[in-house]
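Some structures are shown below for you to check.
Next come two complexes built around chain A: one with chain B, the other with chain C.
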Partner chain A sequence: MKKIKCYNYKIDKNDFVNAGKVSSEIKKNLKKIGFTNRIIRRIAVISYEGEMNIIIHSEGGEIDFEIYEDKIILKINDKGPGIDDVNLAMTEGYSTAPSEIRELGFGAGMGLPNINNCSDNFNITSSKNGTKIESTICLE
Partner chain B sequence: MKRTFYLEKEKCMGCTNCMRKCPTEAIRIVKGKAVIDDDKCINCGECIRVCPYNAYTSITDKIIDLKDYKFNIAIPSTTVYGQFTLGTEICKIHNALIGLGFDYVYDESWAAELVTKAIKEKVISDKILRPKISSNCPAMVRLIKIKYPGLLENIIEIEAPMEIAARLAIKKAKKIDKTLKDEDIGVFYISPCPAKTLSVKEPIGKDKSYINKVISLKEIYGDMVRELKMHSDRCFSNPSLTGLKWSISGGQTDACDFENSIAVSGLENVIDILEEIEMGKLEHIKYLEILSCNGGCVGGTYNFENPFVANSNIKHILKNIKEERLINDDIEKYKEFKKEGYFDIAIHEDIEEKKPNIKEAVEKMERIEKIYKKLPKLDCGSCGAPTCRALAEDIEEGKKTIDNCVILKLEEK
Partner chain C sequence: MKIRDIKDILKAKIYTGEECYDKQIQGVFASDLMSDVLTTEFFEDKSILVSGLNNPQVIRTAEMLDIDAVLLVRGKVPTEETIAMAKDNEMVLMSTNYNMYNACGILYSKGIKGLSNEKNKVL
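Right after this comes the complex of A and B.
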């Protein structure tokens, strides 16, 4: 089906000042369009966890947020350094976040599992050149 | 009724103060006067508070309405106890109300203690959807309905203390005078804010309120001060220490004594925290107390005393209450009241989920975006809309035109 609209957001590494701004922007747009609360909640979680992972774990990246008539796709991509063991990273509670990050309240190791749970379709690939996540939410 | 205050047009100077403060962008200035969109108004009272010309007038019942009933009950909001000079005893305050013609005073704090119990049980037993959000401030329930409908289900469906107090007071009245019928009894709530007044006139989550009349605290304050000087005799009840805390920010969470609870007061702060919850953060928090007014209900628009002074007055009472205080026997009947459904309200039912027409909505957003790009982005308010974005939306909806932008007009010249 046809793509109705695409938004692109750049995210810098270690940018804690703006942390959450992108997902909050995405949420705002979804509310304006009038998506149901359940959909908004799921996408808010996916984009927030994706945004935070880029800020905390990567060299920077971007989120493409695409609206189709029957689905929404979030593409969360970064420039590296990649995840060594994707299967391990996907396990609940697994985190390599250092103590200073944990002190900020992150590093529960729940981000990727949450993204997976909130998606109808989830795909992750990772190499040293970057991590790519594609998350699809079906409408209806 | 959707609003418990109105604008006196002659007094309004169109200064934009209220428009800028309104948390739901419900106010516009049209032809030099403020106009409120009732569908967006949450009755928080910010506009009343900030208006430099006192152009907003509250709708209130009056002492004279006591004549409509055979037996009149006063339920003063717990904030009332913080409004008089430090050390003013609660029974004196009750006696002042008796002096004004009430037959009986029921202390809201006892109801708040019962509600505290109900909230504790609910939060402990229902572990899905965290945090549970307090439903006590009606302005906040309306804010969530209008701006954060996704969080409606987090709101705890438990009746507010003022309503429980009304039902218990009616019971007591019928015990005092067995001949009384429902229509003989007038229950008057003394309200700290327009939101609580509206919660009686237009209840959320139930068919009707058990309160008949609402007198704003401002309306009755002068009379009470006068009466206070004259009475010292009979004593009706002392407050519940747990319940009295509800009048100040942090009081509910303190009363419930949960680990992992947060108390937030003041509109801007509440909005910040609701945004975070919407992002799926704070799911480890059990209970969230949100109150529209800075400092909690002692900060309500109809209070007389400065909220910080009132807070200190309340704390003084909490510290100095005598041990031999009267115990209210209603507290022991908690289980009975619960069984009878006293605490039940249905807020979640109001959740409407409409399927959006995505294409149309996106097109509309793009039209707004296009208009917005042309605007100066100063959010000066001179056009009569609170922000440039709000003006862009108004223009798209045909309510205003780009000519309303004063800055663009100046640039043209």
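Right after this comes the complex of A and C.
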């Protein structure tokens, strides 16, 4: 299926000042293109949780955002250190985030489950070199 | 209920979005944990987020879900950065001296129900 548009956003580790900026930009782009609010909200949640995960847990990473005729794919990739136990990390409420992250309102152990719940297809792989998430939202 | 009425019954101070006073609010979500808010993808227009979290992430979270207004509890005073972000997003930002339990109780007693996703739906 033909790729219509593609965006790439770099995200720095510990960049709490700009946390959410990428997702805000993605959301504004989607609004301009004219997707439904429901689709936009799902993508915004995926992107925002992914962005926060990169900022909180990784050495930095990026989000690739690809729009096709029939779907949208978000690739959320970071540079490590990886997730020790992916199954555990997918459990609602499980978190390794330190207390200062909880003070920001995150680290409740809902990030990956939220991404999964908002995706039609969800894939995650993780090694010490990085975590790769691919989330697909179908448009039909 | 209009935002104007919520402001009055909770004796709230408005920081941004006075031009939205006449917007109708139909649902509330209350939490200090932003990932809990993000579990609820069923926000429609006309919703308000009640939170004790006083930082820009509360506005970002509301922005992601098209929430119209953020109500801070326990008299929290938002930072300049938080106010600026709310303004940029044309969002109402207000603060009440009530604690979260009482603020929500008052809104509930006036007929505004909580928002939830299908999985966590409570009758």
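Here is the rule we use: the second predicted complex is superposed on the first by the 140 of 140 C-alpha atoms of A that agree within 3 Å, B and C clash if a C-alpha of one lies under 4 Å from a C-alpha of the other, contacts with A are read in each partner's own complex, and residues count from 1 in each chain.
Here is the rule we use: contacts are C-beta pairs under 8 Å (C-beta built on N, C-alpha and C of every residue); 3 or more make two chains touch, one makes a residue touch a chain.
Small disclaimer: the values here were computed from a predicted structure and weren't measured.
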*asked:* Between chain B and chain C, whom does A:86 touch in the aligned arrangement: first, second, both, or neither?
replied: neither
* To do: Report for A:41: first if it touches chain B alone, second if chain C alone, otherwise both or neither.
  => both
- Task: State whether A:138 touches chain B only (first), chain C only (second), both chains, or neither.
- Result: neither
* Considering only the touch criterion stated at the top, classify A:117 as touching first (chain B), second (chain C), both, or neither. => second
Using the superposition on chain A described above, determine whether A:23 touches chain B (first), chain C (second), both, or neither.
both
With both complexes overlaid on chain A, does A:104 touch chain B (first), chain C (second), both or neither? second
I'd like to know which partner A:6 touches here: chain B for first, chain C for second, both or neither.
neither
Shared chain A footprint, chain B vs chain C, residue numbers 20, 23-24, 27, 37-38, 41, 44-45, 48, 114
Per the touch rule above, chain A residues touching chain B in the complex are 4-5, 20, 23-24, 27, 29, 32-38, 40-41, 44-45, 48, 67, 69, 114, 139-140
In the complex, chain B touches chain A at residues 149-150, 152, 275, 278-281, 351, 353-356, 358-359, 361-362, 365-366
Seen from chain C, its contact residues with chain A in the complex are 32-36, 38-39, 41, 43-45, 51, 53, 55-58, 60-61, 63-66
Residue positions on chain A within touch of chain C in the complex are 19-20, 23-24, 27, 37-38, 41-42, 44-45, 48-49, 102, 104-111, 113-114, 117-118
